[in-house]
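Below are structures written as structure tokens.
Across the two complexes that follow, subunit A remains constant while its partner is subunit B and subsequently subunit C.
Up next is the complex of A and B:
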């Protein structure tokens, strides 16, 4: 545990020194603050932040994670020569990456909200969901980034796979869902569609946010099915469980590769 | 002889007039501890023009037939209870006034319209300041005219089904009825009009009803002002009517797959102005509706701001505010027979180079996604997906699915005050 903390501490210093994480923080901070300046109402800012969370966080996290993993490869190999358990090293590497990314996100988006406050107390829960789903997505895509960088030794190939994974989850998957729903439009598709969205972390985060913003539209028939599911305790539990699985499974696969890998 | 006869006649007349005025001023007291203990009993004794003062108490009475022009005035809200056995007040005479009573527990029936107060073929009646509670129908007017329903609190008995509940204020073949400042809840329809014309409905609150907050059919030339309709299971539905005027009403929180802030079916030649629609699943729905002018309404935070069936023609949306609705306009057709001009759309992203207050690029309120879920509703779960946003952007450049002509050529840059 102690060694892991040391590794995290070193990596944190390294990540901060590389300044990218600071730029990420400043970028998020400026966007959120800028929106407050221009639109003036916290509800509009929250609405615009949906796109930031759903589109930017995954792509930035996965590409930064992959690049960092490749560039710190030599350092990792050096540490492997020390009497440190591989499992500990892996956990340290992972948290050293996921934690600063999450903290940068929380700070960049959260600070302007602390400065300006929210208009109504009801928006507080929306902000909470926004922050939590952003952190969850940061962890999910860090897991994926680590897994991808470990399964391919070629830097360019790894980055390509990463961007493809993002593109697939953010765009292609939803396109396929829409196409499928047209093909099978004769059937009652509400529940299969629910199941399919559970399999994509970006969709999961999106649905959780949508429940907060488009409640009026969701009270229509089809929407009501989704609202009943995701709005209820079972759906909430299941969807957060699925997000957790999306963090854990790539993490564990990456771990087994890391433990056995011949560096 | 002749002069004596004249004097005699004069004397007789004076006596009659004196008797008359004495009659008019007569107050009859109904009191549990007095000589008259029931309203029915008092009604048998009194004559047209009398006032019945009902003292505070609990009167278990039903089928109170009023066939004389009397006033029934309650002091400190006496309770009149039908114990769910029959109806309560049944007014058959003109000029009856009922005020200050608690009228409750009329029976539910599938055969007769038991009501708290039923006015049958009578004119100039006033129902004012009563609490009309847990009735089947609260106030039922058939073939009435020139009546005033004012300051009543009406609450149904929170029955779960539409069939075992009656309407709050029910008008049938009536005219010139004024319904004002009433608060109606938990009935089937809050206010219901059928074949009732020239009526004025103002400043009422109709909420939590099992079906519609307001529902009317074939009721031409009525005015609706300053009413609030909220949390009704079906919202507000109005049908088969011409020349209606709706001003300054609020339609709020009507949520559900078949719930509409304001459903217009076969409504012609009407005006809907200065209303607020807030947080409804669908704010305004138009079906076979013609020549309706919708002006200066605030349509905010709804699922769908406007749903149009393509058999609606020549309607005009002017100076409305469309703010933060998930979908602005949805229509099943690719053709359009409705005009949108000079509205403010919060989603509009165009520019105004000549600073005349109107955007230079037309706004297309029908998004691709609303067209998609119009015939593929499970796709709803893709709302706000990046993929959908890309499609929307593409559709804006080259419209394929959305009606080309449905656009606001002069979208306002600033919100209409």
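Up next is the complex of A and C:
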């Protein structure tokens, strides 16, 4: 068996037994199932899940990822004394973290939809986008968590930076954009706004989801510009590409730190 | 044979290893000693590839270790503090290391059995006592019959029986022709076990030769007195 797969195999056992992943899965499952019980219509459940996905996945992934990386220092040190290339070990450690988080998410949100089904076939593509963007966000924030934990040897500082990054992307960034657009409301801002949206992974996922719901009409002219851009094949491709970059760039920076790091 | 050529290592302003040149003889037990913070662990970690030297090279059997990781198949190591993934069982940990190594020399379960670790196979690493964890650590270092053993404070945290057992094992493996590097603060252990001695002080090698030779040179009754006089003469 490939060395990376072996590392993932043993790390998965360690992660799953830590129970946090199971709690995460159970939490998402109960929320989704609970919404089905209360609202009874899959379209309402889908709409409510957007916000949960956009807020919860990033904060849980980044904080769990950072804590796990610090507490698995010993695992890393032990493996480094074995004949394993550092690049392979890094890829193994990363996957061993991103995969269980994604699987817990897919299971927690996906299973209730399998049990209850969707009301109309059109909603199926919405569900698909919801699941895919959640997985993409899990990978993005795992990359950021790994990068942060490798950049600082101080646990408290690392966790602090992680929470700050989440707060900035989930809350502060949008506030600043809103404030900026208010100050510059005399000017045509649609294009710069499009560009700014691409620079924040949570916004990217949000726009992708909003447009799938056909509620962009509520957003007036800007909504129309966004719909035209992100709704088209070029926009979809570009925004998926940007999400991919958000996974890859922190992953690669983290890798170059890991390869040189002293343990 | 392990050959270290011109190793320098700094952490920020702290210059931990200063132009270290060293040859570790094959088939012998070499003790690396020095006060806390002298650079022993850093030296061992650079041989294991956990730390990367700023300058200089290390060769294991004439192969530059910065060129690949294959050499680690030849090395069994026992870190000073045994730290393992908490949620893996003892048996799984052994399977994992076994999976990751080449195992061309077969398996040696002698120390594992004399430590009665068979009864602990299904316990999680996180639930083991400090002493048991240290015994797993020791057994694991010897398990895959490595040609080189690097043992950082092997008797620390072990009860007298386990400690004697590991010392017997070290001597036995030395008779089998293994190259063994030990660090320890317990000088009587070193006097008992090792033939060669490397003394490091503030990142520099002060003495490199036989244990007997050093004691005779200084004219003292035992290693402890000898090391004390060596440190005094170096202004410590």
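The criterion applied here is as follows: the second predicted complex is superposed on the first by the 256 of 263 C-alpha atoms of A that agree within 3 Å, B and C clash if a C-alpha of one lies under 4 Å from a C-alpha of the other, contacts with A are read in each partner's own complex, and residues count from 1 in each chain.
Simple rule for what comes next: contacts are C-beta pairs under 8 Å (C-beta built on N, C-alpha and C of every residue); 3 or more make two chains touch, one makes a residue touch a chain.
This is a predicted model, so every value here is computed, not measured.
After superposition onto subunit A, the partners subunit B and subunit C occupy separate space and fit alongside each other. Look at A:10: by the touch rule set out above, it reaches subunit C but stays clear of subunit B. Contact with neither subunit B nor subunit C is seen for A:135 once the two complexes are overlaid on the shared chain. Once the two complexes are laid over each other on the shared chain, residue contacts for A:190 go to subunit B alone; subunit C is not touched. Of the two partner chains placed by the overlay, only subunit B lies in contact with A:50; subunit C stays clear of it.
Put subunit B and subunit C next to each other and count what each touches on subunit A; the higher total goes to B. Contact with neither subunit B nor subunit C is seen for A:159 once the two complexes are overlaid on the shared chain.
In the superposed pair of complexes, A:60 makes contact with neither subunit B nor subunit C.
With chain A used as the common frame, subunit B approaches subunit C to a shortest CA-CA distance of 36 Å. Subunit A has no residue lying at the interface with subunit B in one structure and with subunit C in the other.
Interface of subunit B with subunit A (complex): residues 255-257, 259, 279-282, 301-304, 324-327, 372-373, 375-390.
Across the complex, subunit B is touched by residues 43, 47, 50-51, 54-55, 170-172, 174-175, 177-178, 181-182, 185, 189-190, 193-194, 197, 203, 206-207, 209-210, 213-224, 226 of subunit A. Partner subunit C is touched in their complex by these residues of subunit A: 1, 3, 6-7, 10-11, 13-15, 17-18, 71-75, 77-85, 260, 262-263.
On subunit C, the positions that touch subunit A within their shared complex are 11, 45, 48-52, 69-73, 75, 77, 79, 83-88, 92, 96-97, 99-102, 124.
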